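There are structures below to look over.
In what follows, chain A forms one complex with chain B and a second complex with chain C.
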Partner chain A sequence: MGPESFRWSYLLLISLFYSYVSCSSVEQKIYIQLNNTVPCVRLLNATHQIGCQSSISGDTGVLHVFESEADLEWILTNGPHPPYMVVMEAVFFTRPTMMRMKNSSRVAGVAVISSSTAPSEGFSPHTRCPNQNSGVYGESYGPELANCNNTVWNPLGNNLSYEDFAFPIFFLENDNQTQVIRKCYEDHNVRVNGTAPEYPLCAMQLFSHMHAVTDTVTCMRRTDLQNSFSINPEKLCDPLNDFNVWASIRPLNSSIKGHKENESVVIAATRLDGRSFFWDVATSAEGTVSGIVTLLAAAQALYPVTQEAPPPRNIFFTFFQGEAFDYIGSSRMVYDMQNAKFVIDMDNVHSLLEIGQVGLRNGSNLWIHSDPVSRKNSSVNEEVDKLVKNMQSVASSLKLSVEEPGSSQALPPSSFQRFLRARPIPGLVLADHQSAFINRYYESLYDTPAYLNLTYPPDLSPEEQLEYETEAAKSLSEVATLVARSLYTQAGGDDQFLSNITADTKTVAKLLYGFLIKSNNSWFSSLLPPEALGRGSILGTGAPQYYIGLRLDNTVKSVTRFVQFILANMTGTVLSLNQSQCQNPNSVPDQSKDLYSYSWISGPVSANGTAESYCVRASVRLSKALSPAFELLEYGSREYSTWTESRWKTIGARIFLVASPELEMMTLGVGVAVLIVSLLVTYFISSKAELLFSSTREAPATTY
Partner chain B sequence: MTAAVFFGCAFIAFGPAFSLFIFTIARDPLRVIILIAGAFFWLLSLLLSSLVWFIAMKASNAEDTKVQTGLLIFGVFFSVLLQEVFRFAYYRLLRKANEGLAAISDEETSPISVQQMAYVAGLGFGIISGAFSMINILSDTLGPGTVGIFGDSQYYFITSALMTLAITLLQIFWGVVFFDGCEKSRWWVIAVVVCLHLLVSGLSLLNPLYEGSLPPVYAITVLMAVWAFFASGGSLHNLSLLFTRKILFVLQLICFVKM
Partner chain C sequence: MNLERIPNEEKLSLCRKYYLGGFAFLPFLWLVNCVWFFKEAFVKPAYTEQPQIKTYVKRSALGLLLWVTVLTTWICIFQHFRAQWGEVADYISFTIPLGTP
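After this line comes the complex of A and B, so read on.
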């Protein structure tokens, strides 16, 4: 007996003689659980549901590996064992294929295996016109520019992320387990010369049942009903939410909300989130990280100069969360400003500079987009022209070229649009594209560090990679310098200090490494507070993902935390306070929690393994990024984002064999035969027991 | 579809035990009590052997497959011996109870014969051991998967059910023969029963070589059935009597129809 058969008999015996064994032992012989799976989940807005779901007990289908277009015919028409569970490489995950499967009842689900090579023709499962209904353009504001009439920003968008699939779709990391799946398929399911494979067949089951249906209005109504009547209420969906991060060059008193006298701020904004077709898989290198890194590096470059020679206007850095889902973060900040719930209000806003996608600029070209509708107002136009001139003069000193794309072109999808909805303020959006996005993988799986040309020479250790200045880092640090200098002049700073403002390429390199390759690195951990490290560390193992998700217990998404503490370290002062003073600074003279936030930072680990912790005082704060629709309880709002994520109980995937119907029927037949025969025989013997066992006693007690 | 496997396996494993119960046990309260008590004694033996197993598992190195193999074989044989010890204990208890039953009975004899007690006690052992061996497996027959992804036989479920059926029947026959041996003080009979029990359990170690385990187990079952038939007062004479009656009856019927 081999070890395998031995394990088998062990199993049988255990179940024969020992009840002390969990029932999973047979299960382990039947199922292979797949780890490293990411589902596509259901999201809802005011009118629709999108995403995927399985039935409540999971969807099962015979495995079929999609290797060529011919397989599609087999799956959808010829194959004799429907429904099929389709396993495909990411290259086959295209709209035509998925839509044909969507309309077929012969597909039980799809598992997409990640692949390192991106399709050269581009792939974006997002819409062609991102956030078209929540931006500024509409019937009352530049109707000729509404719905991307003028420029289609994401021409490769195929809308796949916004389809509603009735079957589960999972994403599998390409690892040993996909090899197991392939092996199972090759052993059992492969067609020989076009004839159907024989039972037992390899099958897969996917669990991703979603609790919410129809739309946000319905699911919030049901949740509220449960909350008011049930003792044990169960939520069906939660609004997407997290936090925006903001900081200002001069501290703003956060205990006083509303208008600040004599305060005029220049807002420097970027977005903090992205998405892809699948839940919590969003590397968003070009889409999001290029902006985050640029703005952080610009903030760091600006800080020392603004302390020496403070410009007349304040500079306000902000990172908006949830912008991929109808501008959750920016709409909330604008809403708070309008309702005197924020440290400043709209009157305090002088102008705005937003960093869009800047990682893929072609040569030295950058483009500054502005809003043609508000520029019809001469005073706004004047200001915008000034901003453009400032920026162009800064750019020319840096040997960059910054151009305007044309006066009639609308703004690309940007947080600035939410500010324009409230008031025509002057502002610019800096991006690497003239009209349509250069990014061919907008909000997709392929928007990876590799796409951003973030490549390291081989045989570098992680620490060396962290420090390595890639081409991408050099390019982004130029952009960061441009942004920092433009902000300084925009804030009214003196031109003579401009040459002191230069973004550090090394910092940009480290930021790129931390935000795109591996957040668990020595530099990130030295900038975070000790409680964020250690057990339950927010650093995670791989690259951070940029899907906003939702916060159930007021925790903060790890990416938001990274930005918060990196910004605090870059724009803060180190104080000589001990840990308890740092955590409670109001007891220390001259320190105020209203003006500053105080964080106790781990500090770099020295050679002997101890970390030098210190206290940082900065003006960095978090502000809620929950759509105002959920504050106002307007779940059907057309004004604000209404995106919610459905709740679910189990997400799982497993493969196993299914027996032939003949074998199953044979088992049942044998069972029924055994039952009937035993009933007849027992009846016969018990009725003749007296006769059969007569020698036992003269008069048996039995009365049969 | 997999509900078919569930019901098929359940019928195979528990169909005979079920029909025996409804036709021979259910109508007599005394038999029900003896059956339940028998099941309880088997459970006690299981409790003890699982205790020993638990300690052995904790004490041994889980990585060492050789030790684990040895432990498994030891565990099987230990458990079998314990079951037989408890069968004997149950026999002693029933003998005592039988005297008491005879004392309070109107007819001065016990209302139940030793052979009947042996059969009922054996069925008690059989039902409970069958339940314990099969229920875990039954819960997994509901599917959707079947055994085999690691290259195991796809007949696992049906063979497990057949094995359970054999074990249930064997427990009945062993009970009858064992009690008969005790009654007549023929110790070799008890020894043979224990040895056969050890043999059957040992044969299941051959799995998944079902050709190696199932046919011998069924051969032993048939043999034990014959032995148990004679031990409980059956004889060839009775059998022929039964069949001649049957034939006579059939002949009469034919004559009646012809007339």
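After this line comes the complex of A and C, so read on.
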């Protein structure tokens, strides 16, 4: 008996264990979870909501792969199994198709599969007039130039990113899982000679339920209400925010805010962010990275000369975050300058040079845009003319051609507009386009390194690619040299030193590789502090994405970090301090945390695998890029950006087979019938128990 | 508590307590009163305290009905117009459903 009982308990244990495990495996048997998905999420401003959302329990529909325009008719009118979950290649993701689906109740959701080829006719889901209502032009300032009356900057813009969809839209990376989806579709859902497929059908479920609704005013009010008296407060939305990066050639005392005596600065600016239709997919090669790389290379080229022969004016590099969303970064910096909360104020600003999109000039002209309204003032006009002349003479010495696009044309969308809103300072915006953008994929998925012609010979290792000088790198390093020399003359530097200022093509190549192809490379990791590497590394796996997003616990976006430390390395000096001194420099004589920032940098890894860490002193700082509307608690502000991103709980996608509604109803019906019958039988048995069990019962003596 | 086992005077005082308690914005007491004393008031053979219990039960039922109508009307109106009222509706809501206007 001993071994027998042992075996029984053993079996019981096994069966218990098995039933426990099989609980999860039933789900696995039914559903195939899809990874590598990116949703389109809801964003809100003072008056509108944009983006997409599913219902709280996810939206389900029968899969239909969109292969031609004829499929649209099937989905919207003929197909017998609505609602449909539409899976399409990115080429079909156009405004007419999406708007027809938006207005139909037969679409449960859309999944867009990435494709490597961009549509040749161009595609931009952004508006035709980016940042239309937050720039400088309006009723009180150049009304004839307002709303892109004069030049439509992004004529290919179809406004898709600013539509509000009531169904979820997901982006799928084209990999094995899309093959699984296609196979499931081909096995079950394909029409045979135009007749509808039979059940069971392949279906897809998308979860992207958004908590915020209507507009920023509503969601911030509800968040505040929840926080004031709910037991379980829940935030509904958060303002888009991150950090601007700035650095100056001569250090500025950051502990003293407001006006600085005897300080005149030339601002060199560019933007740090971009976007696309989908959340956190924004490669923004031409739109953003061309400017970042140019300005970083220019800063590196300028630094040694400004130390040997300092120009009379200071040069102030800034990288503005959140510019795609109504100029979050620049409006905050201007607001801080006006309210004496920044190291300098507007009186300290001499002039401004902004780098716009400069990656697609293809050997032809560069254009310098200026503001026709402020140039009506003769003193401003004189200054601007001087800047233009400086730049043109620098350009001619570099055999580049730089021209003005015509005196009545407005400024393109640029951070400079936010400075002009405050004060008519002289300034220029350098770009590769004369009027409308050359960029045919502005703020879209297709603004990729390939569009910038950043291509590498096929047989290179990652290390060789990092060092490889592409045509794009050569072209941008010319622009960087132009920018660096122009800044030097703009700052009043002597012309004789100009020939010493040349941007390094190799650096530009490495910057392009790191910012567009793969940030996890040996060069980037040698320039970052050790705590940013290792576990939870900010380097990520692929190319960095440029959507600003939001910071929940005062962390800094990885791209902002890259720019901060690369700039620190390029415009800083290496000190012979050890790690603890570097982290607490106030204890060291002649060092001041008010003037400089000190960073402990990992350094390049040598052949034997050890890194030579060092301490860098630079004047690089971060400043908050959170719209002033959220400081002032004016959530309905028309002056400042009010963009917020909704919170959500689950984002997910899965596919499974569905049975026909008849079968489902029959199963339910049978179940209910069995339940009722069993209740009746139980009732019957218990009421007739005396009769039924009388013979076997041994007269129990129970008393209650 | 079993009503069968207590004397009629106590039944009356209990019914009265529930009836009066309902006026403190506690319609559920009236509901309990109605259900609990229904048999006592209308089914049982007559006894001295029965007419009074009957009155209390009837009045409780009336009060309950009033509450139900008022609450149902208000809930219907509020749910229907909550989105339209916007800010005001948010301030008089205790919980706000996520993701709906």
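The working rule: the second predicted complex is superposed on the first by the 646 of 704 C-alpha atoms of A that agree within 3 Å, B and C clash if a C-alpha of one lies under 4 Å from a C-alpha of the other, contacts with A are read in each partner's own complex, and residues count from 1 in each chain.
Here, a contact is a pair of C-beta atoms (placed from the backbone, for glycine too) under 8 Å apart; a residue touches a chain by one contact, two chains touch by 3 or more.
Owing to the predicted nature of the structure, the values given are computational and were not obtained by experimental measurement.
Contact with chain B, but none with chain C, is seen for A:Leu668 once the two complexes are overlaid on the shared chain. When the two complexes are overlaid, the chain among chain B and chain C that reaches more residues of chain A is B. Look at A:Arg100: by the touch rule set out above, it reaches neither chain B nor chain C.
By the document's definition of touching, of the two partners only chain C reaches A:Thr214; chain B does not.
Looking at the shared chain after the overlay, A:Gln53 reaches chain C, while chain B stays out of its contact range. Of the two partner chains placed by superposition, only chain B is touched by A:Lys29; chain C is not.
In the overlay built on the shared chain, the residue A:His259 is in contact with neither chain B nor chain C. Considering their complex, residues 53, 56, 209-214, 218, 221-222, 225-226, 230, 234, 236 of chain A touch chain C.
Residues of chain B that touch chain A in their complex: 1-2, 4-5, 7-12, 15-16, 18-20, 23-24, 28, 46, 49-50, 53-54, 65, 68-69, 72, 75-76, 79, 111-113, 115-116, 129, 132-134, 136-137, 139-140, 143-152, 154-158, 160-161, 163-165, 167, 201, 204-209, 229, 232-235, 238-239, 241-242, 245.
On the side of chain C, the complex with chain A involves touching residues 86-87, 90-91, 93, 95-96, 98-101.
Interface of chain A with chain B (complex): residues 1, 3-6, 8-10, 12-13, 15-21, 23, 25-27, 29-32, 60, 184, 200, 202-203, 205, 654-659, 661, 663-672, 674-675, 678-679, 681-683, 686, 688, 691-697, 700-702, 704.
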